[in-house]
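As written, the chain order gives the labels A, B, C and D, with residue 1 at the start of each chain.
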Amino acid sequence: MANEKMEMSEVGVTLVSSEVKPPPARPPNKFERVFQPCLGELVGTTFFVFIGCVSVIENVESTGRLQPALVHGLAIAALVACMAEISGSHFNPTFTLAIYLCGGMEMNMVAPYVACQLLGGVLGAAMAKAMTLRESFTRVHGAAFAVLQPDAEIGGALFGEVAMTCLITTVLLLGAFNVKTKNPMVPFMVGCTVIFTILAGGDVSGTCMNPARAFGPAVVSNYWTHHWLYWVGPIVGGLIAAILVRLLLGDRKMRLILK
Amino acid sequence: MANEKMEMSEVGVTLVSSEVKPPPARPPNKFERVFQPCLGELVGTTFFVFIGCVSVIENVESTGRLQPALVHGLAIAALVACMAEISGSHFNPTFTLAIYLCGGMEMNMVAPYVACQLLGGVLGAAMAKAMTLRESFTRVHGAAFAVLQPDAEIGGALFGEVAMTCLITTVLLLGAFNVKTKNPMVPFMVGCTVIFTILAGGDVSGTCMNPARAFGPAVVSNYWTHHWLYWVGPIVGGLIAAILVRLLLGDRKMRLILK
Amino acid sequence: MANEKMEMSEVGVTLVSSEVKPPPARPPNKFERVFQPCLGELVGTTFFVFIGCVSVIENVESTGRLQPALVHGLAIAALVACMAEISGSHFNPTFTLAIYLCGGMEMNMVAPYVACQLLGGVLGAAMAKAMTLRESFTRVHGAAFAVLQPDAEIGGALFGEVAMTCLITTVLLLGAFNVKTKNPMVPFMVGCTVIFTILAGGDVSGTCMNPARAFGPAVVSNYWTHHWLYWVGPIVGGLIAAILVRLLLGDRKMRLILK
Amino acid sequence: MANEKMEMSEVGVTLVSSEVKPPPARPPNKFERVFQPCLGELVGTTFFVFIGCVSVIENVESTGRLQPALVHGLAIAALVACMAEISGSHFNPTFTLAIYLCGGMEMNMVAPYVACQLLGGVLGAAMAKAMTLRESFTRVHGAAFAVLQPDAEIGGALFGEVAMTCLITTVLLLGAFNVKTKNPMVPFMVGCTVIFTILAGGDVSGTCMNPARAFGPAVVSNYWTHHWLYWVGPIVGGLIAAILVRLLLGDRKMRLILK
């Protein structure tokens, strides 16, 4: 049991405490160690980007940002909860990077995970295109992210992406990887965070926080205006969160200093 | 402090309520093994279809799809949670089929379950008719599902039903039947999924995902346009999810290959 | 421990499993057995009716029934969860009656509980009056319930109150008192049910389901039109739920027949 | 029974994350006892006030109070859950005061906690200013609280702040500190309470309940009209809640009288 736990925490693919499962009769085979986690990321990201894009394409004005915010957040809660034991439920290159930096996964899984997430983003956006009317799809560039404000205000949008991603990554790292603060409700905590960050900041930058969510519809609708912002903002925000946890907020095992 | 914690863990708060129950003194009798589960499906589906139909009949335009989405999703969460130990809380022929294919129930209960669900759908829709004004009821065909888009776009609606049902059935199978990924919050995970799929896709196909929910109001208001779509879409989506879990995402016990 | 449990289930005032608490050093004194539970009902019902009435008085039209539905439901979830171990968190004469009929409390506590709930309803409605502008208060009769439909349709409103109260009482009895289906998430299950029943049926009868919630503002604003409906509907609905659980859906201990 | 429970507790799913943690090898050092809790309050309050202010600055009229209510409440739920083991997740001088009065923290930490909360409020409001357009920011005084009603009605606003803060502090004290009613879902219970109090009373006084949330934007936008109200109301409400719990609702350990 202790061995099993150690192994799991090194592979770092669990969001929910692994302690409730009986030990497997045999060690996991290569499919279970390598391919199934990648497949989990691919399927989860595909579903997440599909449903997120549909919610933006089919949005109605009278409800403000409520519909896309609830859709993205509740989708994260449900998908993270049901795939946590398969892949760790990252579905986001920024999360994969921050989790790696906090010792939550092995280096050789980082690139395959990010590749699966980006591929899932493209597949999900293509599924959204297949389901919706051409006019609705085109009107919002297939749900690709767009800065809604004048060019002079691009700084605010970038600041928003950095701050929001820093917030959500801090919630994820403390709720799922820092032993002292681990919480089995973490899928719902991260889902709540997606809801409130989109509700608050959705009209500034769209509150992307996830390059895979930005990349998929950008490819499918070939819309690249300000696309760099949805890579730079989330990655910088995720890095700040990882530093914050590694240096100051983490427990003795997570913290690199002040032990 | 350490002492206090130890003491707490002996009487720890568990989310899985079934684990805290003492073993039954006698094996369950025939009523408990056969009739009570069917009755649970009948009562649960009746309440679910009743409240779902009322939410559509009484919907107001200014809140988009928020009211029906929240009603259907929260009703599933509450009803699934309180009847799970009685019938397994399917309330949906597609779920019954997928659960059977994943080894979650015996074959001789499939037909009685589906019959009770369809009967519950009709009873629920009739209750909704008894409660609401005739004009409101007629305006939306008693909350029967309708494809809101031009005939040329019927493919998009079908694709939506298949994809959404595949998503929700995957969440259900992983959260409730796959041992490795089982989660005591599964009633709320499935409820969340109902909310976000209706919020996202409700204006394309209505996001039915459940033939019993479609069948009840169709009978009561005798409205059958495109009714086939709400059988074919959900069943195909449920089958894809069962295959996905059985071949690729399931644990060693669930998976048929790659062991 | 076994003794303690029996005692608790006879007093029957807990919504959340009593099994998680260490046994008290001494038996509870009279204040804890009699006065504190009544006080819990008084404080809880006061807060609930206060916040519920404010939500109706301060409602805005553009969000349909979302604001009052969420306020009543989330208030029930939070208040039930934090007072369950004090009074059982009924806050509703219908619940007290149904719980008594299902063996969940002693007969001599029924009348004091109902009295505290009605007094709490009046106090809560008076607090709502103290907080809000006179015009807003008067416009909605201090949030007293009103049938919004023509007199010919009073049957629909009565049917709605009966059906909705039957639904929520079934969720409560199965989630909190039927051992086989008990669930620690029951405060949130009942809260969800309040949300979805108000969202669905709020424009027919107001979805009261609670005579104490109806009685308080009726006294404070002296508005008694159709007031009988908010006693008859909930009580009949609660009785049907108690019969359903006692005869058919309950476990072997709860069920009176077919053992 | 006792054996079974013991066995279960070895693999039991626990909601209280602290119970699954092994005891620390060494006692916590000074950084962990003093500086890290203060840092947790600073970071948590900064994030909370930042996101709360952005939600008010970016609010749209058609959704009533839904967006700010959900943002403040879900932010509290997620941040309280992930920082509870670091600082106790007060993020509010009123909570710190009430918790101290109920024996939940040491006196020498009260002043540092309040200082960190106020500093976090200012930092959060400054971050909100950096992210949003100047016009939007100025229009709502940087999300500083404002009494929306005529001066003659200031009593209603004050009453509202007192009553709402009393309600939320009661939920917090019963859910997190009173042993008999402790509940691992308390972050979500308090989050729900934030949502429903803002939804109900947001147009009377803004439903602040937190001097740090009021102080930050007041400093950044230099807006001090009626600012005293957002200190007096919450503090009086918190004191009433502490008295209620200490004298009447608390368990034998918490209660000062009637033992």
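The definition used in the following text is that contacts are C-beta pairs under 8 Å (C-beta built on N, C-alpha and C of every residue); 3 or more make two chains touch, one makes a residue touch a chain.
Predicted, not measured: the structure shown is a model, and the values here were computed from it.
Averaging C-alpha coordinates per chain and comparing to chain C, the farthest chain turns out to be A.
In a homomeric contact, the two copies may use the same or different surfaces; for chain C and chain D, under half of the interface residue numbers are shared, pointing to different surfaces.
Spacing of chain A relative to chain C, judged by their CA centroids, is 39 angstrom.
Centre-to-centre separation between chain A and chain D, using Cα means, comes to 27 Å. Touching two or more other chains at once are residues 11-15, 20, 62-63, 66, 185, 188 of chain B. Across the complex, chain B is touched by residues 17, 19-22, 61-66, 149, 153, 156, 159-160, 163, 167, 170-171, 174-175, 179-186, 188-190, 192-193, 195-197, 199-204, 244, 248-249, 252, 258-259 of chain C. Only residues 1-2, 16, 21, 24, 29, 31-32, 36, 39-40, 43, 47, 50-52, 54-55, 58, 60, 62-63, 66-67, 70-71, 74-75, 77-79, 81-86, 127, 130-133, 184-185, 187-188, 191 of chain C touch chain D when the two sit together in their complex.
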